[in-house]
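Have a look at these structures, which come just after this line.
Look for chain A in each of the two complexes below; its partner is chain B in the first and chain C in the second.
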Partner chain A sequence: MNREKAQRRFIFGCLAPAVILMAIFIFYPTINVFKMSLFRMGAITNTSEFVGLSNFKTLMQDKNFLEAMQNTILIIVMVMIFTIVLAVLFAALLQRGKFKGKTFFRIVFYIPNILSIVVIGGIFGAIYDPSNGLLNTFLEAIHLDGLTHKWMGEPNIVIYSVIFALVWQAIGYYMVMYMSGMAAIPEDLYEAAALDGSSEIHTFFSVTLPLIWTNIRTTLTFYIISTINLSFLFVQIMTDGGPNGKTEVFLNYMYKQAYGNGAYGYGMAIGVVVFLFSFVLAAIVNKITDREVYEM
Partner chain B sequence: MKAKLVKKLVAVSLVSAMAVSSLAGCGNGGSSDKDADKTTGKDGEQVLKVAAFNGGNGEQIWKDIAEAFEAENEGVKVELDISSELDQDLTKKIKNKDYPDVVYYNLGQPSGFTENMLKENAVADISDVFDDELKDKMLDGILDGTDAQPYGDGKVYLAPIFYTPTGLWYNKNLFEGDQKKYDLPTTWDEFFALGDQAKADGVSLFTFPTSGYLDSTVYTMLEQAGGMDFYNDALQYNADTWTSESGEKVLDTLGKLVSPEYTQEDTVANANADGGFKINQQNVIDGKALFMPNGNWVIAEMAASTPDDFEWGMMPAPKWDGDDTQAVYMFTEQMWVPKDAPNMDLAKEFVKFMYSDTVVDILLNNTTVDKETGKESAAPIVAPVKGAAEKLPDGTTKDVYASTTADDIVAVTGKLATTKPIEGLDVQKNIYGATESINTGDMTVDEWQKQLVETWEKCADNLEQ
Partner chain C sequence: MNKKKSGNIVGKGVIYIALIVLAITIIVPVAWVFMASFKKNSEFIGAGTNPWALPKQMFVQNYQVAFQDARMGEFLFNTILVTVLALLLILVIALPASYALSRFKFKGNKILNLLFMAGLFINVNYIVVPIFLMLSDWDSALGFQLFLDNRFMLALIYAATNLPFTVYLLSSYFRSLPKGFEEAAYIDGCGYFKTMVKIMIPMAKPSIITVLLFNFLTFWNEYIIAYTLMDEHGTIAMGLKNLMAVERTATNYGIMYAGLVIVMLPVLIFYICVQKKLTEGMTLGGLKG
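Entry: the complex of A and B
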């Protein structure tokens, strides 16, 4: 009995700091965001007035917010699809492929992930520059002048320019995660597949992919959360939502409303919607990707 | 079982209390001690907290002004808080009820900090600083605009401490002297005709650093199109502003100006990229575009990439046929006192001091160091005091100031009147951001007009006071 008590105390003691920190820095602020979304609040002074759900009512009719929501959803979907496909492909090549310089490529792919967002903004500024940019100059050099664009200015293209930068930055990180999943697949499975005459591509789809499925599912939630956060940082540095709101995303709009426009309570209402949106989306994605887990 | 639960609860509360108290130490602990010596320093000297935005003018100027103020006011110590992120620093401090006495932070910054302080009624009325003697000393009309009286109630809340005429900037060598290629236009018809002529030479008529720079052009066009009363009513969100003949004239002309026909093709792409505004400015220096809206800060801003033989010129936005005068927008930078400033009287003294001969001279002798080249160059700042601009050294800057005093020039000041915070409304985007969509063909002038009418209506309903 005593031993059990002591053990329980020990567990409690170990968990307490984490629980308390979570409560103070995560639960309390989150509850506060929900509370503040019901007020009309100043961004600087502590004035506030209870307005009930009025902020949410305004939000549902706010064209700028709906545009930001549309853009964010497009970014999440595109970044998710492209990053998964490319990251899994590169991971498979680097893990299973037989060629020289694998470590070199692993590092090269991972580098964008450790660069600061400001540096990435600078790099893509130089790539997308309409007159002297790398991309347009290259296209002109290979006589594909027809494909040159104002990558940061054309309303139908600019969002894809941001998406490309986000994918470029994310591939390395997810590639490493998938590689670790692939490394855990026992070699004899591949040998058995080879003995059965399975081609490399067939093996990939029937052995590798099913066995890293749990990995992929976990990363889907990461994509949603990190894309919402990173799209804010990228957009803030690269376009600030321009031209005229064409690249506006959730959090950048929230920031602009809360601080730039001085409608802090309204900003918090946007925060609540983003919170619920990411939660629901993650739940849906989790549900529809539910498969039987293969044991290795 | 019960005893166990009690024990658990006690343990939880003790641990949480410990954690909370230890974390509290990280926050703004000891604020009560700070409060005690907020207004008086050691030896009983009075401390005046001056918070200044660190923009293009550099830090030294504030150190010199603080020193001069201390020299003239015995027993006063000026505590400077100079920061390029002043809005964020002050937001934190003000939330903790730690107020500065005087703040130098402009209207029109992307953070909207000063606008938000006004929206929250947190800026003090400093009308009494401007007694008759000081009013006489200042430029006529400089205190009458909405950038000094943001609520339009006859009371001054924002002190205009620096001013700069703004207009359309161009390469003077293309319009004067040996290399003269074009005639300087004065009417919109001449202006667009020049655009057609330049296009034949492969040069665009117009560019803008970012769409926000079009504000001064819009302000002057409003005055030009409908006169001073129309302009002042427009800043107070008169419902007919954009549907009136004058308003439509402004929108049609501006719509034509920002169309791909006359605006340099890379303008919008550059305007949205990080640091791209400088590329648009460089396009005027490099001869890819003839004109851009700007102020004389552009000379120092672009000094590192301006060829030695290049000469800047500035002209007011063109007038319409039949107009006698042309309008120039006076861009002012503001200083203000928070309503809860601990040293209100001394703060007002400091604001008044900004117009003294001592400060006027300090401002005129200002220099800045270029971050890229390390080269020090003169960057005189002009206080809105009569005669200050005449003391400028000969050169482009002096010419620009002098040109605004001509008989056929009308000086325009002011900003859109302050409203309560309006959820979901982005006034800047609706007015200026729309020009980018017009350029890219995503919006028509009619849609822009409709958007502006709606914006004006919302703002009029939410005017402060």
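Entry: the complex of A and C
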């Protein structure tokens, strides 16, 4: 009996600090996001007035928000497609290929993932600089002057500059994930394919790709959630939504409204919509990619 | 046979080219920043300057100015302090919680597990403004500033917001350990606390290392919480952002790149030392974007 009491006390002592901290710094702020989205709040006047769903109604007619939504969706789709293709390709090369220097490439490809977003912003500032940037001066050096652009200034190009930076950052991370999936494929499948005279490329499509399909599918959800988050941080550092809203994304607009503008209620309404949007999108993608899984 | 061989060589060539192109897009810009950090300002601005040229001298003064005038030294100190503090906090808090969650049956265990899982879905970007408002409310209630711009608070918030991920990883490791270890210890007269600290936690060492590596990178690189909550006692990522904004308008590029090097060099050295453990740990954890 005494022992049971001691055990209960021990469990309580172990869990209490973690639960209390999460309650204060994760769950209470989350509840506040939802609660505040129903209020009109002023930063200077320090007033708050219950307005029901009015913030959400305004939001649906807010052109800036709709532009941010378009941009975010474009970024998610492009980042997802390019990163999957490149990460799977490089994972297959490094996992299945027989050549020297595989470790070196793996180490290098993962580097962008460990750098701070601020550092990446600085690096791409150096790459994209219109007059002295690495990209433009390189293009001039190989006599492709026609391809030079103001990468961070031209309204039609700037979003692709941000997308390129996001893909650059993401490839290594997803490559390592797919490599671990490929490492689990039994070697005899490849031996059988080789005996059948299957070419490397054919083997890739008939053995490797189907067998890492579950891996790829799991990462689709990661792409959606992490691109919504990372596009915010990249845009915050690189363009702050400019020029003229051309790179505005969901969470940067939320942050601007809430923290910059002091429109806390409105900002939190954006947060709620984006949160729900990411869940719905993840669920849809999960549903349409649901297909028969090959058992290993 | 011959045809197949030459096809192989072409294939290999294509593979190498693809790999090398990607490697170049990573290595060249990073190395270039190191090089540019030693250049004088006259090597950046004006006609005839070539960004690809090597620095004419090792202009170390860029670092001096960045460290002192731009206060990067101070920010570096703050970042080290906050990172170490947050790592200590997260271990002290997450280890017992993970242990209790994974090795004991008790009332409410399921609900608590769900709660920690739910935490995984809440990204800090969504809640950073409410956290700011909460701390600012606490400060106004006190009548003076205590919670905002406080390095200890920042470390505590870093630890708290990364608890779900850390507890998830640690508790799944504890779960994988064989049952019965504790029973033997109890029979030997070991109490619950002593059993945990002396026997179970040392056994979880591999997962503790993984958790430390990932959290180190998260805390060191973290930007948006620090940017929102801190002012005078900022971290290095924040300091770099301000430095970049200031030096770009003042066109002091050398100092800006020196700042970039100061932020990324520790992380690069750290990464080279632990890269194997890090990528192995990633597949163990399976997430963390």
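The rule is short, and it goes like this: the second predicted complex is superposed on the first by the 260 of 296 C-alpha atoms of A that agree within 3 Å, B and C clash if a C-alpha of one lies under 4 Å from a C-alpha of the other, contacts with A are read in each partner's own complex, and residues count from 1 in each chain.
Definition applied: contacts are C-beta pairs under 8 Å (C-beta built on N, C-alpha and C of every residue); 3 or more make two chains touch, one makes a residue touch a chain.
Just so you know, these numbers come straight off a predicted model, no measurement behind them.
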Touched partner set for A:225, first chain B, second chain C, both or neither: second
Which of chain B and chain C A:208 touches, first, second, both or neither: neither
Chain B versus chain C as contact partner of A:271, first or second or both or neither: second
Touched partner set for A:244, first chain B, second chain C, both or neither: first
In the superposition, chain B vs chain C on chain A residues touched: C
Which superposed partner A:176 touches (first chain B, second chain C, both, neither): second
Which superposed partner A:108 touches (first chain B, second chain C, both, neither): second
Chain B versus chain C as contact partner of A:155, first or second or both or neither: first
First, second, both or neither for A:55, with chain B first and chain C second: first
Touching partner for A:24 - first (chain B), second (chain C), both, neither: both
Doubly contacted chain A residues - partners chain C and chain B: 17, 21, 24, 121-122, 125, 237, 259
Residues of chain A touching chain B in the complex: 12, 16-17, 20-21, 23-24, 40, 42-47, 55, 58-59, 61-62, 64-65, 121-122, 125, 128-131, 150-155, 158, 237-240, 242-246, 256-257, 259-263, 265-266
Chain A to chain C touching residues, read off their complex: 6-8, 10-11, 13-15, 17-19, 21-22, 24-30, 32-33, 36, 86, 89-90, 93-94, 97, 99, 105-112, 114-119, 121-127, 132-134, 137, 141, 168, 171, 173, 176-177, 180, 200, 222, 225-226, 229-230, 232-233, 236-237, 251, 254-255, 258-259, 264, 267-268, 271, 274-275
Sites on chain C touched by chain A in the complex: 11-12, 15-16, 18-19, 22-23, 25-30, 32-33, 36, 44, 49-52, 93-94, 96-97, 99-101, 104, 106, 112, 115-116, 119, 122-123, 125-134, 156-157, 159-161, 163-164, 167, 191-193, 196, 217, 220-221, 223-224, 228, 237-238, 240-241, 244, 248, 256-257, 259-260, 263-264, 267-268, 271-272, 275, 278-279, 282-283, 287, 289
Chain B - residues contacting chain A, complex: 8, 11-12, 15-16, 19-20, 23, 87, 90-91, 94-95, 110-113, 115-117, 119-120, 122, 211, 265-276, 279, 421-426, 429, 433-434, 436-437, 440, 442-443
